[in-house]
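Think of it as A, B, C and D in the order they're written, each chain with its own count starting at 1.
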Amino acid sequence: MTELKLPSIDYAALSPILIMLGVALLGVLVEAFVPRRHRHLTQLSLALVAVLGALVMVVFNADERLVTIGGAIAVDGPTLFLQGAILVLAAMALLLIGERSVERGGAFVAQAAVTAESDDDRRQAEGSNGATEVYPLTTFAVGGMLIFVAANDLLTMFIALEVFSLPLYLLCALARRRRLLSQEAAMKYFLLGAYASAFFLFGVALVYGFTAGMPDRAAGVDFATVHAAVKDSPASPVLLFAGMALLAIGLLFKAAAAPFHVWTPDVYQGAPTPVTAFMAACTKVAAFGALLRVFHVAFADAAWDFTPILGVVAVLTMLVGAVLAVTQTDIKRLLAYSSIANAGYLLVGVLAPTGAGVAGTMFYLAAYGFSVLAAFAVVTLVRDADGEATHLSRWAGLGRRSPFYAGVFTFILLAFAGIPLTSGFMGKFAVFGPALESGQAWLVVAGVLTSMVLAFPYLRVVVMMWLSEPGDSTPTVTVPGGLTATALMIGVAATLVLGVLPAPLLDLATDAATFVR
Amino acid sequence: MSDFPFLSVLTVAPLVGALVVVLLPRRRPELAKQVALGWSLLVLALSVVMWVSFQVDGDRLQFRESYPWIPTWGVNFTFAADGIALVMLMLIAVLVPLVILASWHDAESSKRSVPVYFALLLVLECTMIGVFAAADVFLFYVFFEVMLVPMYFLIGSYGGHQRQYAAVKFFLYSLVGGLFMLAAVVGLWVVGGKTLDWQTLTQVDISTGTERWLFLGFFLAFAIKAPFFPFHTWLPDAGGAAPAGAAALLVGVLDKVGTFGILRYCLPLFPEASKWFAPWALALGLIGIIYAALLAVGQSDLKRLVSYTSIAHFGFIGVGIFAFTTQAGTGAVLYMLNHGLATGLLFLVVGMLIARRGSALIKDFGGAGKLMPLLAGVLFFAGLASLALPGTAPFVSEFLVLIGTFTVNKPVAVIATLGIILAAAYVLWMVQRTTQGTLNPELTGIEAMRRDLSLREKVVVAPLIALVLLLGFYPKPVTDVINPAVQATMQDVGKTDPAPEVGSVQEASR
Amino acid sequence: MTPDYYLILAAVLFTIGAVGVLVRRNAIVLFMCVELMLNAANLTLVTFSRINGDLNGQIMAFFVMVVAAAEVVIGLAIIMSIFRTRRSASVDDANLLKY
Amino acid sequence: MDHILTYAQAEPTGAVTYAAASGLLSSVWLLVAIPLVSAAILLLLGRRADRWGHWLGVAAIGVAFVLGVASFLQLRGLENKSVELSLWDFIAVGNLRVDFGLLFDPLAAVFVLLITGVGFLIHLYAVEYMAHDEGRRRFFAYFNLFVAAMLLLVLGNNYVMLYFGWEGVGLASYLLISFWYGRPSAATAGKKAFLMNRVGDAGLAIGIFIMFATLGTTQYDEVFTGVGGLAGGTVLVLGLLLLLGACGKSGQFPLQAWLPDAMEGPTPVSALIHAATMVTAGVYLIARSNPIFSANATLQLVVVSVGAVTLLMGCLIGAAKDDIKRVLAWSTVSQIGYMFLGVGLGGGAYALAIVHLLAHGFFKANMFLGAGSVMHGMNDQVDIRRFGGLSKYMKVTWITFMMGWLAIIGMFPFSGFFSKEPIIVAAFEREGWTAWLFGGAALLGAGLTAFYMTRLFVLTFHGPKRWTEDIEHPHESPKLMTIPLILLAIGSVGAGFLLATSVPDWLTATAGLGGQTEGHEAVLSHVVITVLSLLVTVLGAGLAWMLFRAGTATEPQPAGVLVTAARRNLYTDAFNEAVFEKPGIFLTRALVFLDNRGVDGLVNGLAAAVGGGSGRLRRLQTGFVRSYATSILTGALLVVAAFLAVQAGWLA
């Protein structure tokens, strides 16, 4: 009997993941053992400490380039950059989640088990402290995302997908008010998410089948094997292409690309706004991190085959996002469609098969994450007696009531519209440049054309806020607590700084743009 | 003194001023106005110093400054000015204080923050200066787009009838052009070897097909900005809705970015494509001249009318640029300056009329000259400048454009000359319907209509009138500055002026 | 008997699951259809594992089962909470978020 | 083009050179500057100058006149009588060099004297005439502005300067026609004048472009030197364009319609601008450009034809009008027709045309001012059917007007005889049938002129009184108005002989006007023509005397086709309205509609289409989770199918 060879494990390189998952478990214990009134503070601090600790470890690992635990996890430039981005954005999202001064008790339901619309429900809505399970759930999700962007084989990727998706399904259902919407969003997200992950898994199975039969290599789903198989597997390429397609579907679903975007508007609208912010920022980073890795590492040599198809998807995504955003009347839905369109622009970056493309995509992800978090932070502040006032007509004249927040929101909208001196513009340049360089002019043209359409809904909001007279129903903007204010300011500052002086982050992304196999 | 970083200081100064104005206590709008005015005068003073330090026979690009910005993309903060840019910078520096002074009470009627209005004007000045001072395509693009934002709010927040529609249309229309240009900028960056430095890019050879596409991207943006037919419909709306001061800047300066862009970017960077496209551009310019002039005749709103006249004038500028002769090119640049002065004046005067009457409709006036002879006189003078009467500055530019065009393309020049007849028609008819004829009895009842120009208003119009006359009689100081830059541009395109058909007359007699 | 039949079976199961999601209304049934798809994938993995003669596929199948179980927990929780309010498990009733 | 070119006989002029100005002549720029500064002062000071402004205006022209005389005397003593003064580089771009420069030569000198001399008298007259008008200061400002522009026009040493002054006088003319801008008719007339002038100006401008394109210059000397080298066709086109400009400014066919309307302005304006000086600018232009016009026979034919047509037209319409100023205006049109005829004939006739121009300046100004004096006394009545018998009440006006009348109809020994008759003679000196045609036209014109001017004179000053009720006792005008009348009347009597004997010699020093070409033998002898012309004059005058001695009806009378047509300006206004104005207005409206609905509609339609598409697509987001799943499955199938298609090589 041969000796069992244990794979080497580089704990330092894995430490961010381990920290997040460990603290998540710890959070579950806190739920069980810490008295209710201390839980909020404890959980929040714990989660933040975890995120910051993980971030420190990411920075500490900055120069690591390795593949560890038997090829399951790759710690390389993109991994570290994206993990860092996820962690920073997650920290901001946690600040939004932890806010309790904007609304008494926070944005989350006190007892998820209370039947919606019942008397108990109304009572909890009036001010019971929100559930603190959200923190461990968030921490789990972040941990899952960290694995997702680092996953170096398809199985790990699948598991990471589930690890970060499942908590998100739950988080969506936890809104304090309008719980029917929240639950509906959770159900839709869950059913469709599960549906898409089934496709992903079937894709994994097919790719596994494809990797068989190479002379000196065992079958497997790690990217090195897949990469080798794409080049010289004797198996039927039908397996490869069908598998690749199904894998792509699973990932594109998470990335909210058309026609797999259908869940996005409903979920973004129904979920508690801090969770929406978290999803819009972090899920996007994670999903595109995985897309980058799958298509740049595993299937790099099939680029000629997948680029046109994914290109069509990208164009469709931009188009659907932009055109449908035009007539939206709910600010969260509008931002959802905007995020769909942005997924299209990100895909343009993904499809540039160069380091510059990877760097551009990563830069865009980080830049977009900051802006979108700030945008949703403002949305949490515009409230009336019934909670957030998300219908656009209610925002009329907001600029006259609270010029500062309206100004901030305008700035972010300008960033989304890609006006220079905002990170949005730099991001667009960062993805369009490499795309054009690799001959994908049609994608750039489509991106430009849809940007024109997309500018209209943003402008409509600006017109609403500034050029319309405030009415009786114009809600007030609540003065944010320290947490939201911090998150908002970080988001806005990052949008501005990345728009004016993008060089440091851009350099970082460029240096980090090489994958290890 | 020439080592002084004029351009960056000029760009940043108004921005700082805007911050100061915004931070002033809200209770004291007067102070905000004074500070804004003072600040813009400071900028003017600095610009004058810069004008003096410009060496006419020196390098093409002077006052060059370059600071690294985004090394990964080879993008730098590079500022530099040639004669063309210098003239436009001067125009901005002159117009902004006057506009601020002219808008003294404009913002008060809008129920919105007065200091913000003046801060926006200063921000606008910053972006306008930046766009002309930039010598890096990326930087240019940045200012080109950002410029929309303050103007959007000026129109949208402080404008008149239909301001929302006009503001959104202005913004979207310009953004559409800007995004096409973005695609072209990205393309240029790729083919130019990952640099966007203007001087480097002029040396780059681009394959014919690519060059044409890139040219079209840039041209479309500039054609919308300028605006040329058929991309002009936003201007009457924006010009009609904007407050008069902002409209003066919009038409006087902002739109010049389009024509400036063609001269600075389209021609030198894509010379072959420019030549390839020139017939089309000439046609567009020509249509603009005739079409917009006819439309101006048919307008019933004063500000829309002036906007249409501007479109006609931009047609002349377009023709001048794409004729590719020194005279036409110099004329086009001079036209940009003169049109800024003349139409700026026209917009400001029309604004004064409208502010008094409370309506921009021509039929609401009639015989106003009886009540306000001085204002009517200034309106008439501005009209004369607009129809390019000799003795006013626009004559020189129009003459240069036409004569330069004639040497290479006779039909175009002849048809364009018809535009001067139409110009007389729209100006005189406008003057007749507003200030001449029987006095509209409604006007006598309006107290404001009896007030002729106030001292403040006189101070606003006097410098413009003086400049229009001065440059009408003695344009040489300006043409001397423009000329080398235009000649260099023509060299970039590879065009030389045609010799007279019967040569050697000059040599024989001089 | 060639292993190919297992692959075909898996494909059929996957299709039944995928179409089932579209045609059934009950949330639980829907969810079961998804599980069917996961199991189809499992079957595929195991079949390939058998064909290739390595164990990777079978190990993967175990992982998937665990994940599927976790998914059930979450899913049922969500479906339950909706059911308690609406007294219905039909997914078509949950249709407040649209357009 | 070919058959036109066969007519073209190039007659190259020798090289033209100008001397640099020195001495007194180097201050010739003051001629332009003084009135200009005066105008500026009057405009800028505003009401503060109301009390003394008119005297400043008069003084400015007086000083200019003195300076003009001094310069003239200085010029007489010079060897090279063409003196150039370059002030500054106006435009210097590439190989285009335009001087801001002046040229003082015999041709310019006589114009300077006419403008400042007659101008001074009319200014003097206007002091009194405008005394009761609150806008007198403004009036004098515009008047001075006009003189400055007119002097610049005649003094410029290149075509751009000429154009500068050309448009400047157009502006002044506009301002003065619509001086009473409160009257809609005045405002409209001013606009009409400016617009029609601009049509001509456009022609002039294009002519200048041609010069630059072909010769590389716009300086007179260089153009004239180089014109001989130009192709015949080019010269023809160039000349026609210059002619278009001249027609616009001088109210010649087909751009004559504005001139009668211009009578809406105050009478001194009609006298100075629309009779004596500005409207003769066209003649000046052709005379100045004689090297161009002489270089092409076809061109000369066109000029002659324009002159002949216009002179007859002016006579016909003038005979049918009842408004005293309009009759004079049409008479001006007609007389300038004679001048065009003269300059068109070329050679020695250039000088004849200039002589007629100068003489006309005196007698027409005289008559306009006389008409003004009549109106002054008759409560601004202008209808000659409402005058009659004024000779008893306005002795000075009557006598001076009579001098003008006799002068214009060409009665010996008044000035018109010496200036007009030679043109008729010259017209008969053409080749073959054209001699009969143009000579006959000129002769017929002389008869008609006599008819309508006599009609005017008789109806105004003789016959029964037909005054309106409000007039009791018409008064003679004050001294300040009669003195200029008297001086101009003296000019009307004596100027003809003096000018006819001196000016042609004097003008020989002007570029191109020196060469006396040998004309053809006249088809009739000189004496016969003289007798004939006197005969038709007496006939015309006698006929009018017979018809109108007893007055006329005060209401419009039914008339034959010709008279009706003449009353309606031979339907030229109707033509303009039908062909240019109405279609223009329609076109404008159509374009406004097109722009709003078409061009802008396309933009807005595109936006609406996106919005509509968006609104429709939104409905696909039904909110049913199963339809979402359908979307995902469909997408999945498509993606898988696409991948498989790629793999099968169908797509790539």
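Keep in mind that, in the parts below, a contact is a pair of C-beta atoms (placed from the backbone, for glycine too) under 8 Å apart; a residue touches a chain by one contact, two chains touch by 3 or more.
No experiment lies behind these values; they were computed from the predicted model shown.
Of all chains shown, the one whose average CA position lies nearest the global CA mean is B. For the criterion of most C-beta pairs in contact, the winning chain pair is B-D. Spacing of chain A relative to chain B, judged by their CA centroids, is 45 angstrom. Centre-to-centre separation of chain A and chain C, using mean CA positions: 25 Å.
One inter-chain figure worth recording: chain B and chain C are separated by 65 Å, centre to centre, where each centre is the mean of the chain's CA atoms. Chain geometry summary: the mean Cα position of chain C and that of chain D are 95 Å apart. The set of chain B residues touching two or more other chains comprises 172. Within chain D, contacts with two or more other chains are made by residues 607, 618, 621, 623, 625, 629. Shared interface positions of chain C, i.e. residues touching 2 or more other chains, are given as 18, 21, 30, 91, 94-98. Pairs of chains that satisfy the touch definition comprise A-B, A-C, A-D, B-D, C-D. The part of chain D that touches chain A in the complex is made up of residues 607, 610-611, 613-615, 617-618, 621, 623, 625, 628-629, 631-632, 634-636, 638-640, 642-644, 646-647, 651-652.
Looking at the complex, you find that chain C touches chain D at residues 18-19, 21-23, 25, 30, 91-92, 94-99.
Of all residues in chain A, only 359, 400, 403, 414, 417-421, 425-426, 428-429, 432-433, 436-437, 441, 444-445, 448-449, 451-452, 455-456, 459-460, 463, 466-468, 501-503, 506-507, 510 touch chain B in the complex they form.
On chain B, the positions that touch chain D within their shared complex are 169, 172-173, 229-230, 232-234, 291, 294-295, 297-299, 325-327, 330-331, 367, 369-370, 374, 377, 384, 389-391, 395-396, 399-400, 402-404, 406-407, 410, 413-414, 417-418, 420-421, 424-425, 428-429, 432, 435-439, 473-476, 479-480, 483, 487, 497-503, 505-506, 508-509.
Contact residues on chain B toward chain A in their complex (touch as defined above): 68-73, 112-113, 141-143, 145-146, 148-149, 153, 156-157, 163-164, 167-168, 171-172, 175-176, 179-180, 182-183, 186-187, 189-190.
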